[in-house]
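Got some structures for you, see below.
You will see chain A twice below: alongside chain B first, and alongside chain C after that.
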Partner chain A sequence: MFNPESIIRKGRPKGYLRETLVRSFLRGITYLIVIIALMIFGKILIDGAPAIFTSKFPFVDIEFLTAKNETLHVFDDAQGTRHQLPASKYSDYVNAHAGATLYNEQTFSYSGGGIAGPIVGTALLTIGSMILALFFGVSAAIYLAEYAKQSPFIHAVRLAILNLAGIPSIVFGLFGFSVFVLAVPIITNTPSDRSMLTIPLMVGNYVLSFQGWNSSLIAGCATLACMILPVIITASEESLRAVPQGFRDASLAMGGTRWQTIRKCVLPYSLPGILTSSLLAIARVAGETAPIMFTAAVAAKDDLPWQGLSNPFGVLSSQVQALPYHIYTLAARIPNSEYTERAQYGSVFVFLVLVASLSFGSMILRAKLRKKLKW
Partner chain B sequence: MANKESASSKTAHRFQRRGFSYERLIKYFFASNAGLTIVILVLIIVFLLKEGLGFFPGYRRELETYRIAGLEFVDISRKNLTSHEQLTSLLNRAYFAEINGKAMREMRRFQEASALFNAYSDQTGPTRDLILNNPQSDAGGNSGMLAVLRENYEKQKQKALGLLPATPHLTTDERNQLVSSLRARAPETTEDPPLVVSLTENYTAAQAKFSEPLKDFRATIDSFGAAGSDLGTVITEMTESVTATKEKLQSADIIAKDRETLLAAANNAKNPAERERLLVDANAAIAEKPDVEGPMQLLMNRREDCIRLHQQLEKSVGEILPAIPQSLSQPEANRILRAAHKSWPVFIADLKAAPEKIKIWNHTDPVPLSDAITSFFTGKDWVTGGEWQDFYGILPLAIGSLMIAVVALVIAIPVGIGSAIYVNQFAGNREQNIVKPVIEFIQAIPSVVLGFLGILVFGTILREISVMDSFQWVPGFPIEERLNIFTAGCLLALMSIPTIFSLAEDALNNVPSAYAEASEALGASRVQTTFRVMIPAAFSGILAAVLLGLGRVIGETMVVLLVAGNRIKIPDFTAGIGSFFQPAHTLTGIIAQELGEVPLGSVHYRALFIVGIVLFVVVLGINASAHHFVNRVRK
Partner chain C sequence: MSEHQEIFPSHENLPDVMVGIRDLCFNYGSSQALKHINLELKQNKVTAFIGPSGCGKSTLLRCINRMNDEIPGTRVTQGSIRVEGVDIYDRSVDVVKLRRDVGMVFQKSNPFPRSIYENVAFGLRMRGEKNKVVLDQVVEESLKDSALWDEVKDRLQESALGLSGGQQQRLCIARTIAVKPLVVLMDEPCSALDPIATAKVEELIYNLKKDYTFVVVTHNMQQASRVSDETAFFFMGELIEFSETRRIFSNPKLKKTEDYISGRFG
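Right after this comes the complex of A and B.
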């Protein structure tokens, strides 16, 4: 590299060694972090890949992704061959080999079968909470960016957003538990004992009972939506403000009302930005465990959420499995052994790939967007 | 009012109906959505308080029962007995550390050989059991199945021999000898391999040899341990009687509560017959007042005994104390002994104060609400679900959270800020484009995944490092628990680095470029400019970055729940820096772990909400001060 100083001075400047040392020390620190991050990804990819990929067509272990979660039974038959079977196949085996003695039998909870339940649960939780958060968040952002003027109300709203963004996720868990699980109103004809307040409705013996939604999908979605709301509002407001003032002025000058202006001239141009930043929010919602531990998640569930229900809305009031909670269960509640590794690393692999691709997608889209939208 | 209307009608559409247009409706709709954030924040505060505030009266009642039933009286003596036991165990630990320190080589060799043998047995055990328990092996027939099993056994054996752990303290010859004896091992063999046996004998012999000069010390420890036995017996006897009283009191409380519920139900009941029935039930449920005075009198008769035993213990401890050596030859043993010597004065002072406390203790003393509050915020025990008495003291949890945060910040501050400085000031464009996304990517790793890695990978690596000879100078090594404060702190550092990095980088970016240009124009080098101009100018922003990182660390749940070790105890600070390698529990972890298991509305349940409130206030305080610094930069 050409050093302009070399024209006027030969050799190295004073303090060169110190400069280089400081610089390479800082560089070392930076690359240490990069290497650690890559090592983490590498470890999970290398250990998780065998659980997901197979050597035969279609190269992906479809069963792991689509089968239900079950208890794993490990045992030797009389020939000393080791079998690893999920609970359903285990009972088939026992029926088929009636009278045969099994040796060294061990069971590992949650480690057999696949992870269809957790995947579906996480998807439902994410979709539900994003619908809620996007609806309320974008509306709030529209007010902040388009209508609001300096006022005590706006000041309070901004303060609330700032504070909400800092609340630890476990406190959101407590909040969701005490509000959505135990206190929100429902309409029922059989109010529970712990209902805080019942208001009789004039229809039949139905009452509006403040007894909460129990631990259910909808309670989890609502909790997650509250948690992610400040992120969505901030991001949406930013993309709304990025739309040039001229667009609004032009529309208003043509006689458009404020709502028409927003709907036709502001929202369409800010929508890509809003959706891009909400991808990041999705990644965060999907990755949270603490808020759903008491509001929606359950460690073991035999059916998928929509199975065995009489009406389609029953999905909302059923508990679900969720990937992060499943990983927590696998990591903390069961003893580690070589037989649980497939379930553990496989789930982590799927989960990390899911979350990482969401945030990676958001990064790429954001970069593209910056290039495309330049007014 | 009229004024306002005329003002608005100027701008309003002419088809507008009186002050209530479609447009305005839309505006109010959006405004109400913005107001939702305030509603949520208020709901959070209200419901945390609603569930939590009942804790203090409930806890006061529990403490009152604790006093009335006489449990508190027993605990005065029990506390001293416990510290006596702890001192005995410290002395014992020092004694064994001294012997094992001297017999270190023998111990290591013995441990490594048996670890190797255990690894082998674990691998081959199941097949071996199968061969021994197979019905056909009794029949003596050399059947096909048994042959298959034996073949399997050989396979398992080969696999096991491929996976043997390292044995740095055994010579190559010894290891080869051990491995070959394992290779030749038949499934029916029951005795240990000869090398393991001889090493065990060596170790025992070494222990015996080194314990010889410590005979006096041993005798002193034994006599010290025996000095507490009388007090122990009395305490055990008292425990039985007070527990019975407590149970009576508690069941009386429950009956009284049932009665209230029944009466309330009777008031609300619609038809007279049902009301009548409920009232009868309620009247039947009047609890007879449990007899407290009788058992208390018996307890008070023990008062003199307790005082006498305390004085006796104090006297014998005073006699034994000079016989304990001031120092030992092994550093580890010496450290433990020093810790014991440090706690002597406290113990003796406690013993001296005890008779007075026992004398003035009175079960009818009132328990004010402030007692419940102070014992929550300064209590050193968080004991729940026990048979004796539940205590809700936040200190062990807060100290756990704090220590983990300290470890995390000690690592994350230099690394996060250092890399921010590097990326912002020294890195080229292409380098920035690689490093920044990768560091931001770390933020996307869900915390439960990091916790998972901490359990399965990092904790194990840490333990393997900690038993290496070349790292023995690190205080606290070798670590006892794989999951501890340090493990959790490292992972949390990793989580907070992206936060600190990106905010500190923003702060550096926001320094006006004229500063750097002026500095360079004066002939300052890049490093000088960075450290003398840029960092001081961005200092507030960097401080805010650190504070927000701290907020994130304190509020993080899953990593600490999985990795911190979850032992509810104030770490043993006698270990110095080594106390960072002990397990702990945290404010966030306790909520996550216990909320799912407690009955709704119980004191324990409310205690968790109070912990949540504490967490909420602390984190909001940290964030508020961070924003204060950010705003100062903006101005």
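Right after this comes the complex of A and C.
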């Protein structure tokens, strides 16, 4: 039977209205998400930029980035001029104007000076945790991808690693506190009272004391490293598996040992993938507050971590300030007013720029390495 | 054991046997891929393995340098392979050393994304050879032996990935013979190459067999007849017929061999 309708259908296809509605709905949701993201960035940019950028050369408030954090003193002098001075300059002012009366004096903790301490602390925490996480994560990934045979046990191990990624960061914080701060062993000749167990070593009166590392940079790094391990392991394993099997076969067939094969024919070609995904993990580490609250971070610290130390390794056992924790302190622990906004939005702005540039950097690195490494 | 020896005379007694395969059975998981294979590969000869896909010829090839160890769930269930009289599946055998003696060229050319020079020097470097003079010499010799020297001598430091497919495969052969193995296993070395590149590879096999023992797996009957001295025909995991290439192609003993060679199946 000849039916022209069956060959050329005229008019709107069946379900046209529904198709249009679904498409518009999905598009609307997508745009909404973009708008929300833009609003967040916009708010921080508009409020934070004035704290960082100045109208005079070099257009960036260097002092805010390089000065240490201080209490902000706000007061009127006898002429009615309003002054905002960080603690150190405030004492200079008081000394210079001995006997002068100050009116309407207010102080705001953590709001004066700059944020050099938090920036340095975050940098140290990030670098330290990346070194630890890369070492342990890549080692585990090499084992899982290159050595382990498929078995129920290895399957369970993989599942456990994946589940590690789902643990809330505050749990990591408490874990880090109870393990790294309070329990890991150290070698010392003066064990602390709270040491859980001391094992005497045969050298001098040194003992292996399970007393933890205290709240310190190294404890914070270890906690953060635990938190990003699953990301690093999973990403590294994928990068290792992406290396063509032919490279391994060729090396093995030429009489390479397994480790030679991995070191020369697998790792070099998976390293770019490992590094780029690790950079994304860095961005996450840099932004975490909960894991470092109990393990490494302090709200106020007069010196930079390496100042006033007898040996360079002391930096590992010193506490640090950190940007996310600093922001938390500024937002939650002090009364908000017009005088604290500079510190608050300025810190958030600097933080956002740092994290964004890390993400951006990893994208550029990935694009570059992809171009360079092809087979 | 004594019973075995009566059925299969000791390979060690035959001076020109390089690889002796005796009653070999091999399993992928629970499925048997090779069934009671008996075969002798003679020194300085080229042996071709032919047969339809899935007949076990590549599996047998990979047994000879134990590359199957890399595939989980596989094992030799019975029999032995002896290289120069040594049972390579014996516990005391170091797989790494075995593979130095039994090299392999793969179906898909797989040069490392390094320079041509580094590709050829790779095997020696893994063995700890650091002497630049020795390396230079071996690289040149190997590239000359694999008929690649004239084409690449001016760009040894350029990436191997810039070579054509045929050149890449010859580079892989150069890389394999750079470490001076006794046996070179080739798993369909020309299946991805055009006729001219194929002819070059066949020619270099012919020129090199005075120094090495070759085993070539191939789907190409003409190639088997051109390049090999002896041919083994496999079907469904069994060795059906094994004799001189001349004889197997002109006057096969079995109907199945004749059918396959003449293209009636497979």
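Note that in this section the second predicted complex is superposed on the first by the 340 of 375 C-alpha atoms of A that agree within 3 Å, B and C clash if a C-alpha of one lies under 4 Å from a C-alpha of the other, contacts with A are read in each partner's own complex, and residues count from 1 in each chain.
Throughout what follows, a residue touches a chain if its C-beta (ideal position, glycine included) is under 8 Å from a C-beta of that chain, and two chains touch if they have at least 3 such contacts.
Not measured: the values here are computed from a predicted model.
Regarding the shared-chain residue A:Thr257, is it in contact with chain B (first), chain C (second), both, or neither?
Once the two structures are laid over each other on A, A:Thr257 reaches both partners.
Under the stated touch criterion, which partner chain does A:Pro305 make contact with: chain B (first), chain C (second), both, or neither?
Neither partner.
Once the structures are superposed on A, label A:Phe247 by its partner contacts, choosing first (chain B), second (chain C), both or neither.
second
More chain A residues touched by chain B or by chain C?
B
Looking at the overlay, what does A:Tyr328 touch: chain B (first), chain C (second), both, or neither?
Touch partner of A:Tyr328: chain B, not chain C.
Have a look at where A:Gly273 lands relative to chain B and chain C in the superposition and call it first, second, both or neither.
Touch status of A:Gly273: no partner.
Classify the contacts of A:Gln150 with the two partner chains as first (chain B alone), second (chain C alone), both, or neither.
Only chain C; A:Gln150 stays clear of chain B.
Touching A:Gly113 in the superposition: chain B (first), chain C (second), both, neither?
Neither partner.
Of the two partner chains, chain B (first) and chain C (second), which one does A:Cys265 touch, if any: first, second, both, or neither?
A:Cys265 sits against chain C, while chain B stays out of touch.
Hey, what residues of chain A end up touching chain B and chain C alike?
Touching chain B and chain C on chain A: residues 257.
Considering only the defined contacts, which chain B positions touch chain A in the complex?
Of all residues in chain B, those touching chain A are 13, 22-23, 26-27, 29-31, 33-38, 40-41, 43-44, 47-48, 50-51, 126-127, 129-130, 133-134, 145, 148-149, 152, 414-415, 418-419, 421-423, 426-427, 434-435, 437-442, 444-453, 455-457, 494, 497, 501, 525-527, 551, 554-558, 561-562, 588, 591-592, 595-596, 600, 608-609, 612, 615-616, 619-620, 622-623, 627.
Using the touch rule from the top, collect the residues of chain A that touch chain B in their complex.
By the definition above, chain A touches chain B via 13, 15, 18-19, 22-23, 25-27, 29-34, 36-38, 40, 43-44, 76, 78-80, 103-104, 136, 139-140, 142-144, 146-148, 153-154, 156-157, 160-164, 166-175, 177-179, 182-183, 194, 226, 229-230, 233, 257-259, 280, 283, 286-290, 293-294, 324-325, 327-328, 330-332, 336, 344, 348, 351-352, 355-356, 358-360, 363.
Over in the complex, which chain C residues touch chain A? Could you list them?
Against chain A, chain C makes touches at 65, 67, 70, 72, 96-97, 99-100, 103-104, 106, 108, 110-113, 122-123, 126-127, 161, 172, 175-176, 179.
Give every residue of chain A touching chain C within the complex, in rising order.
Interface residues on chain A, with respect to chain C: 149-150, 244, 246-257, 260, 264-265, 269, 373-375.
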